[in-house]
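Shared between the two complexes below is chain A, which has chain B as its partner in the first and chain C in the second.
Let's look at the complex of A and B:
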């Protein structure tokens, strides 16, 4: 018997005026998968995850999460149901120390509901979560204001905030962008650990080499349409994908 | 004379804090400039007056009911009008200013004009501070302001709704990703701002009478203090209130009362020229643009 998908996207379409940003995209996501969404700039990757997470309203199509239709639900309700996301451009609460940035998600309705109304010692939970994503305890970096943290730590902070919501699906929008090779190399094991714990993840990425190391499946978008879906190696051998990335030889 | 001027300058500053803190809080959280703020202040005062004089409720009950009523009007304003124009700054200003005009002029139309419209002082007594006589009502205003600012600080730092307020204030998109309903928080922010206008009216109005024109004065004071302090900054409101409060009182005493408004307006102009986002303003883009 086949597994019921955790997420089903059916014929999702979004038009901005005359521009078809996403055109009839469909795919499924099973529990424990890491789905990579790739494609050239402007191919509709971010719009697709905006549609799934409720930040943009769909023109047509459906998003089914755990058997429930969540199409066009407001973003806060989708988060409460269990889909958390990060953004390409990080926006921490700059004047707060890194660990205090965790307090707001740790006070969120979803965490409250999961904890049965009891929050516990949030500072301790925040520091543990930050350590999990690479804020070393001995250098006290978790106590520094977000405004002085380098991009690598800010991306880790984004990841920690998403983890703190204990989501069923985490959507990571270009988590690796703006990071050095060494920084990416240190974040990849964190993602691998999350997968080992059974987390389900969608990643939009331009850093394909690193993504292909961890993704169980990849879909490729071009001009708002899905042009390939499968394991990374097979997908990248598709002529259509090569054409989308490298251009036509004609 | 100097001690008296200082004491009354402090009281004047505290009155300005009370008059503007609600306006500033609403803007700080939801980005909405509630131009009906002065009208809500006057609505609360007339409502207390009517409940007290016409319905015959005890004073504390009448005041409390008025505060709740004003807060409810704030919430309804957001749900039925502001929610539809949210994010369109000019539309928000026009809508709230229109609501304010309607409320204030409706009271004028009904004939609520005259010295008989006043609220009694809480305690009819006065005290000596050094060699200066200060009436109990003014001391109550100072005490209420200290308690109110303290309670607001505790609220936004130690309650989940308060943290949600801060989350939305800093970045609505990020707050949404944590499952916060931004419309609900904005409703609360407009409602809480309206309640603070009502609380200010409850303690300040007994110093004089209730008049429709005061609604416009309160709005101008709230705008002046918020612009100087920096829209959305509570610390800024406190510092700006002290600057304007002292400037007004010292001008009044040593130069002449006809210069008081000019000094306040000059302070606004000076701050706008030197630091357009206000003393503690967070809208850096304003300065970057200029």
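Let's look at the complex of A and C:
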């Protein structure tokens, strides 16, 4: 695809005091891609995502989405333009039933605008969306309080909240962490389905095996800098990446 | 054998929550009683009270409104220590409009509720972005500051205040406007907070990042909640101005900030019913203890400590639980 990229990140930099959390990262993202962002702990993956989604203000650099500069916009405006994200630490409203947790994103002006100025019955929409991510209807799990749901369902809930915003780009921050192999295996097809629907996805992951199955491209960060960018297999062959993950031999 | 207490919903609660509520008078009564009985009491009470206790009842309604206003803010994640700001702003707005412009109380009261609410909202706008204790500190300071400003600049009658203001045509009208406002606020805001709109407000309290992440401008929602709460407080202040025919510096006193919080704590936060119940307990108690003079504060303090320590959920939630659930001892599974 040679058209203008959906998302363009140019020299993004963030320093917290003296620490360079993210240092001059640049990449582009085309529509329909699944970009994996990987790297050791503290390499700046989550900070990069926070910079794109507006939760952290950039020290310098620019984020351009659909040709529009969205650097340092407040998070809610970025969501309205079409970038939705999940959080690594899920923090649902525990006392509410799972489907009621969906009401807040469904209340979003973006959802209203996309639905032609009407909200409709949010409870019904919430149940439909939850079914899509695996809240089986027959066992009433969507009606259970979030506090009694296992981690796997809470992660699905987080995913459903992002899907409900009908974003152009979805950023999934460590969706697979804390999940069993079986749980991950049941979420992967949901993401594959989203890709088939033409969604563009950025995934931060430590579970590389699962990520490489679905990612079309991977970038590797280390100490806030991009050290590799390309197809998963090739990237992992690079010496610099091996050094970052396994340590140098010296 | 180890045992634990378990709580189980009463059968009648389960039945009355569904279409089966219509199955018998008993179910319907179970469902309607907690709503109808308090409303009937609110409406009939003034008829059986003497002159003095009618005055106390007016205070109860005013503090119930201030407590509801506090609860709206706290459920939206803003802990206010300055309900006196809302109360005083409403009181001065209606006092000034009536004293200097001769506008009738029928107009000054609604205008004061809206304009007073708007002024308070604008005054607190800069601190709305602050979280937690910073918002509280500023709300505590502003009414005390305004008191000194009025004293120093001698505006609006200075330390003397404005007296001889118009009253509403009859004391029954005063009474029932306040009672109606209290009932409307109690049930109206309960409904608001359980709607999807209210869910967004409580969402801001629990996890504001998650709400922002849903594409919702949390400051706009906080502004709305702040305006609603301050308009309720300003309305209470405007009413009292015309009841006492006077407005002066005491309307910014700490009492109007602290007693509503105490009422919510005793009654139970997060339900509005608790706020009203708390006002019904604390205001008459405070009147009854008036004879004790300075010692009143001690009794009052002990009473509060007992509740905060012994029943942190508040009386309302305790009663509500007993009403809908029973407890029994069950064996603990091995």
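Basically, the second predicted complex is superposed on the first by the 249 of 250 C-alpha atoms of A that agree within 3 Å, B and C clash if a C-alpha of one lies under 4 Å from a C-alpha of the other, contacts with A are read in each partner's own complex, and residues count from 1 in each chain.
Here, contacts are C-beta pairs under 8 Å (C-beta built on N, C-alpha and C of every residue); 3 or more make two chains touch, one makes a residue touch a chain.
Since the structure is predicted, the reported quantities are computational estimates derived from the model, not experimental observations.
Aligning the shared chain A places chain B and chain C in steric conflict.
Within the superposed three-chain model, A:122 lies in touch with chain C and out of touch with chain B [touch as defined at top]. Within the superposed three-chain model, A:199 lies out of touch with both chain B and chain C [touch as defined at top].
With both structures placed on the common chain, the touch criterion links A:91 to chain B and to chain C. After overlaying the two complexes on the shared chain, residue contacts for A:14 are found with neither chain B nor chain C.
Contacts of A:100 after superposition: chain C is touched, whereas chain B is not reached.
Between chain C and chain B, the overlap after aligning on chain A sits in one stretch of 3-11, 21-29 or 111-119, namely 111-119.
Overlap of the chain B and chain C contact sets on chain A: residues 53, 55, 74-76, 79-80, 84-85, 87, 91, 93, 103-105, 107-110, 161, 165.
Partner chain A is touched in their complex by these residues of chain B: 160, 163-164, 166-167, 170-171, 173-182. By the touch criterion given at the top, residues 53, 55, 74-77, 79-80, 84-87, 91-93, 103-105, 107-110, 112, 161-162, 165 of chain A touch chain B in their complex. Chain C makes touch with chain A in their complex at residues 196-197, 199-200, 202-203, 206-207, 209-218. For chain A in complex with chain C, the touching residues are 53, 55, 74-76, 79-80, 84-85, 87, 91, 93, 96, 100, 103-111, 122, 161, 165.
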